[in-house]
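By written order: A, B, C and D. Residues from 1 in each chain.
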Amino acid sequence: MKRLRLERWSGQLFTARSTPARIRPCCLRQQQAALPPRIRFSSSAAVLHDDLIMEDGEELDEESSTSNTNYPSPPLEAAFNSSKLAALHARLNLSQKVPLQTMARTLVDPSADSNADFNNAALANLGGSIMSYHVSEWLLCTYPRLPMTVLFAAAYAYSGPKTLQLVGKEWGVETAAAPGEEVDPGYLQFSKLKPGQALQSQGGSIRPDRKSYYRRGISSRVVYDDEFGDTVSKQAESDLPLPTEHAYASFVKAVVGSVYLHSGSAAAKTFVTNHILSRYLQIASLFQFKEPVRELSRLCAREGFEYPVARILSETGRRSRHPVFVVGIFSGKDKLGEGAGPSLGEARTRACVHALKAWYLYSPGANVRVPSEMEAAGAKEWEPVHIDIGEVIH
Amino acid sequence: MDARLLRRPVIDLLSGRGQCLTSLNASSPRHQSSYRRTKQHLNIKPDSSFLISNESPKQDHIIFNPPSASPSVLHTPLKFLPKEDKRRQLLAATAEKLNPVPSRLPPPVSRKPKMPHHHLSDADIAEIQRLKRDEPEKWNNMKLSRKFNCSSMFISICLSQCGYDDTVTRKAEKARLDGVMDRWGPRRRMAHEDKLKRMEIALRDE
Amino acid sequence: MVVQGIRKATVGQNGVGAFILQCKRLDFHYCDWAGSSKGMNSFLKNSLTKFAALNPQVEITVSPRPRRHPVIRGTYINGREKAICVRNLTKEQVLQKAELLRDANGEKLKKVTKPVKSINESVRGVWSPYHDGGIHV
Amino acid sequence: MRRIPITSRSIGLLRPYTTPTPYLCSICKHQAPAFSTSSLRPSLDTTEKIRRKVWGTDEPPGLEDPYGGLSKFAKKPKPTSPPRQMTAAPQLPPDYVPSSTWDGLESVGEIYEPEYDFGGFLPAELVTDTDEMTAALHRAMVEIFALKEAGLSLLNIPKAVLGLDPTHDVDIVPSADGTQLRFNKDSSLAEVLQALTRDVSLSSVDETAEKGAPTEAEEDVAADRSELDPLHPEGNSPLTDETAVKEQPTESEEDVAADRSEADPLADSEAYMPFEELIASWDPSWLQVSIEDPEIKFAILKRTLQLTGVRVPDSAIRSTRTAQSILSHLVTPPKPRKLIDALEQKEELLTLPNVSVFAKRVTPIHKEKSIGRWKLIEKELESRDLPVTATANNEYPEVCSTSATLPETAGETAFVAEDEILIVVGVGLWLALTAKVVELMLEFVPEELVGPEMGFELEMLR
């Protein structure tokens, strides 16, 4: 493909790249204005090289230039020639403060480029923290009585790798087949797992109690594990091949991190609210009970309510093949919940599950204030949110 | 607004579209096989709360027509609301009017008389354990619970510490039950499996 | 552990919170020689700048396709493609086709009978015969 | 209804069988019946037939034409011309000799003559360079404003573009009471005017014609010049020089040579100055000079046309008000031949970040390259000794044992794996099959069907 290069490419870009120490400028704080005008036609590296010879009229050393094209990720200046990247930037409605180089960097996974100056590991770490902070503060303030396990599951549903893969795909990001210098910087670059290849062990977790006879309780998960209750692998950054969902997750996190770095915390919060927290989830469907009847009686005992009694609200066809019983759970004279089932036992179980969910899913309102709102200038005085004493233990 | 509320049922009656009133009793000779017939059939009389009567208020008002559906889990019962919640007062005010506390509660599911709680002394518990230790074959849980007037659950808790090794009994009991299940036919087996599945689903509330 | 959490993934609702335009890429193919590309070439020369500036979230590529009819090809976020042959169309008609592709969501065309589609739970719940006060026989 | 062919009609049976019928096509047979029962009658016109029928006789009474007289559609007799009178040939003079060449004869029609040759007033070569065009416009404006300043008629614009440009060092400054020329150290009004008038003098006389002696008009101009002298005394010396040289009534060749030789030293100093620097040396406000006056505008446009050969469209003349607008019409780039050339000029399109424009067709290889798969494909193809692209290498790869049997003329490449055997099916057609398949094939193919072309390889296989 002929490459129409209107700007003059000077040899300095190439000489800078030929330094053996592989020093490339870090893009994190570079501003867009300082860079050459964006005129693009094509982005194939080989043709670029041909044109360089033709336009500059100087003979580049073939051997040296080919030996230098082994960078594992596209160069920084390619970010300005990629229309895909610019379209992605505009599609996410990012501020102009977020430069295209940073955008390009968020798309390079550590498994593609192990150099920490050019991959998104640091950005993803930062963005992941910001995202999980906003998700968890919103969940905790909106549903203050969620059990810890359900809270983990809800956090996973909002910011887990599966969801972030969906988010990344809904942003229109595609994966590159293999990372390399010639790849368009608008593609997500990581080294893919081969079919049938097993996940590499990450070298154990950081938990101090690695022995199998230790009980991995919920409280220890809060302390030692990550925001979803999973163990954190010991090896922080690895350039091993990884599943696609993890690559997408680190990309989305890195975008949040870059928004935070360039536009500030308020913009990052808005971004997380718009793209992550606006997604649809029925939190009521995340519960899996084991012994709801006993749990409800323990709850009533703890809270000082009267002992819950199951009462038949209505029934039909008791002696038929398909009876239906509607059973309500009453504590004293107040109805806590009700459920319908084909047998009295199942109806009672359903009624207890219903009552327990009604307890756990108490919400002070959808627009409850979260602590990060206090960061805004001129925020109202903080009113304490409802804090629950925790789930029922029996 | 008022006029419209009034107009629709009146027009329905006059235009002969009020067949919904009779359709419940009279068996329809035809199936509701067309869109128009279905729509016409579903064109039912509005709830009485929508109708204007002499008691209906003369000013702007809210018509409260609770859904005929099982309540949502997101509607926290009054009892579960925390003390500082603002909805407590509102719900308490409306609950009196809308759901007056019934003078007679519905019948409970299990009519069995409740066992008395916490009436056994340590000596009684030691006696239970001794009986089981001495004559394990004779004293099973049901007999013990009947003798001491307590729940069999309590008996099982007591006996878990009595020192009697019941693994053999358990195994034999399990083998007996498995033998019974092996004799089941396909219909009963399927019904049993379905029941287990339904309980699983009930625990997930799906 | 009493209550277990079930792991699920949230469902995106485009337009609630953030809106992502579903058309992510428009390829304009033209031919320098053939007369059927006349309107397309005029569009590329005159109107593309404005069109591209108005739609920065769409990646736009212009490439020749010699000895073929001019085509606009849209690539969508759901992975599908739509292509429209714009042979012998005028500049304005080409612009209309480009806007059509930009506004499409990539799904196959289907008849929309209900004006509102929602995945939200019904506010009044699913009707149940046991909660209607019952019919007393 | 289907017609009965004429040969099978009963009437046709009347014909004797012995007469051989010549071949007739079916159409002719139908159109011309071979046997006619109607008698031959004299042809009568329709009116006559009807008249006979009406009257029932063959000689109907009355006029042939019932309306009497001759119809006006009837052919009128041609007026007979009087017979041509024969006249005697004129008497030639006794000394008449027919000429054998055309010398001295009156010429009629288009015959090339040098004096009829139309010499256009436009230069033969159009100016395309932007800077040169700008300089020409500047020169034209300086000259026109100089003429105006001197109070001369604007019709004095010389016809031909001659001589050097004395206007390099003149600035055009818009001022409140009109446009003014500001002469810097290397120029003067007189010099400009002198160059102009010299051009006038040169152009007034035809170049091809002799211009040895100064004509009356030139003397008038010289007198004009002498009047201007007191105004600009510093322009005196070149002026006198000029006239001195010119007034020498020498041979024309010398005059022209002198003219040129005089131009050289002046040109030396300025001609080597690039146009960019020249334009940069001028006060940029000259582009904003108002040329509302139609007379001036016309004169400037005319002079620019002479200098550059580029015509400003009539529709644009009305809307031009400044030098800038004239320039914008003059320096319009040539029409691009390809769309990509047109897009290249659209800076705002190319600077849009979401647009990429390709000059050549985007092939699958480019797509694979952009997602990084091409290097894998290349590696895999090379590891199998396969050509990367169709045109990459046309050499045959290593073929295990059958390489000698490959047809030499085939331009394609055959790829045979190690466990496969090549079978030539026809010229340029071959199959690569595994040995097992070939054995199976041989079981089912009868011996006699294995022809000599095929048997070559099959024998080798056995």
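Keep this in mind: a contact is a pair of C-beta atoms (placed from the backbone, for glycine too) under 8 Å apart; a residue touches a chain by one contact, two chains touch by 3 or more.
For each chain, UniProt lists the protein as follows: A = Large ribosomal subunit protein mL44; B = 54S ribosomal protein L20, mitochondrial; C = Large ribosomal subunit protein mL43; D = Large ribosomal subunit protein mL50.
On a predicted model such as this, the values are computed, not experimentally measured, just so you know.
Novice: Which chain has its C-alpha centre closest to the mean of all protein C-alpha atoms shown?
Specialist: C
Novice: Based on mean C-alpha positions, I'd like to know which chain lies farthest from chain B.
Specialist: Following the centroid criterion, the farthest chain would be D.
Novice: So the centre of each chain is just the mean of its C-alpha atoms; given that, what is the distance between chain A and chain B in Å?
Specialist: Distance between chain centres: 40 Å.
Novice: Approximately how many whole Å separate the CA-defined centres of chain B and chain D?
Specialist: Here the centre of chain D sits 93 Å away from the centre of chain B.
Novice: Need the CA-centroid distance for the pair chain A / chain D, whole Å please.
Specialist: 64
Novice: Averaging over Cα atoms per chain, report the distance between chain A and chain C in Å.
Specialist: Comparing mean C-alpha positions, chain C is 25 Å from chain A.
Novice: Which residue numbers or ranges of chain D touch two or more of the other chains?
Specialist: Chain D, residues with two or more chain partners: 340, 353-360, 362.
Novice: Give the residues of chain B touching no fewer than two other chains, as numbers and ranges.
Specialist: 70-71, 204, in rising order.
Novice: Which chain C residues sit where two or more other chains touch them?
Specialist: 6, 56-61, 121, 128, 130-131
Novice: For this entry, which pairs of chains touch?
Specialist: The list of touching pairs comes to A-B, A-C, A-D, B-C, C-D.
Novice: Touching chain A in the complex: which residues of chain C?
Specialist: My answer: residues 1-14, 16-18, 20-21, 24-25, 56-61, 77, 119-121, 128, 130-131, 134.
Novice: Which of the residues in chain D come into contact with chain A in the complex?
Specialist: That would be residues 340, 344, 350-351, 353-360, 362-363, 366, 368-376 of chain D.
Novice: Would you mind writing out the residues of chain A in touch with chain D in their complex?
Specialist: Touching chain D: residues 1-4, 6, 37-44, 80-83, 86-87, 89-90, 100, 174, 176-180, 182-184, 187, 189 of chain A.
Novice: Given the complex with chain C, which residues does chain B contribute to the contact?
Specialist: Touching chain C from chain B are residues 67-72, 204.
Novice: Help me check something: in the complex, which residues belonging to chain D touch chain C?
Specialist: So the residues of chain D in touch with chain C come to 338-340, 342-343, 346, 348-349, 352-362.
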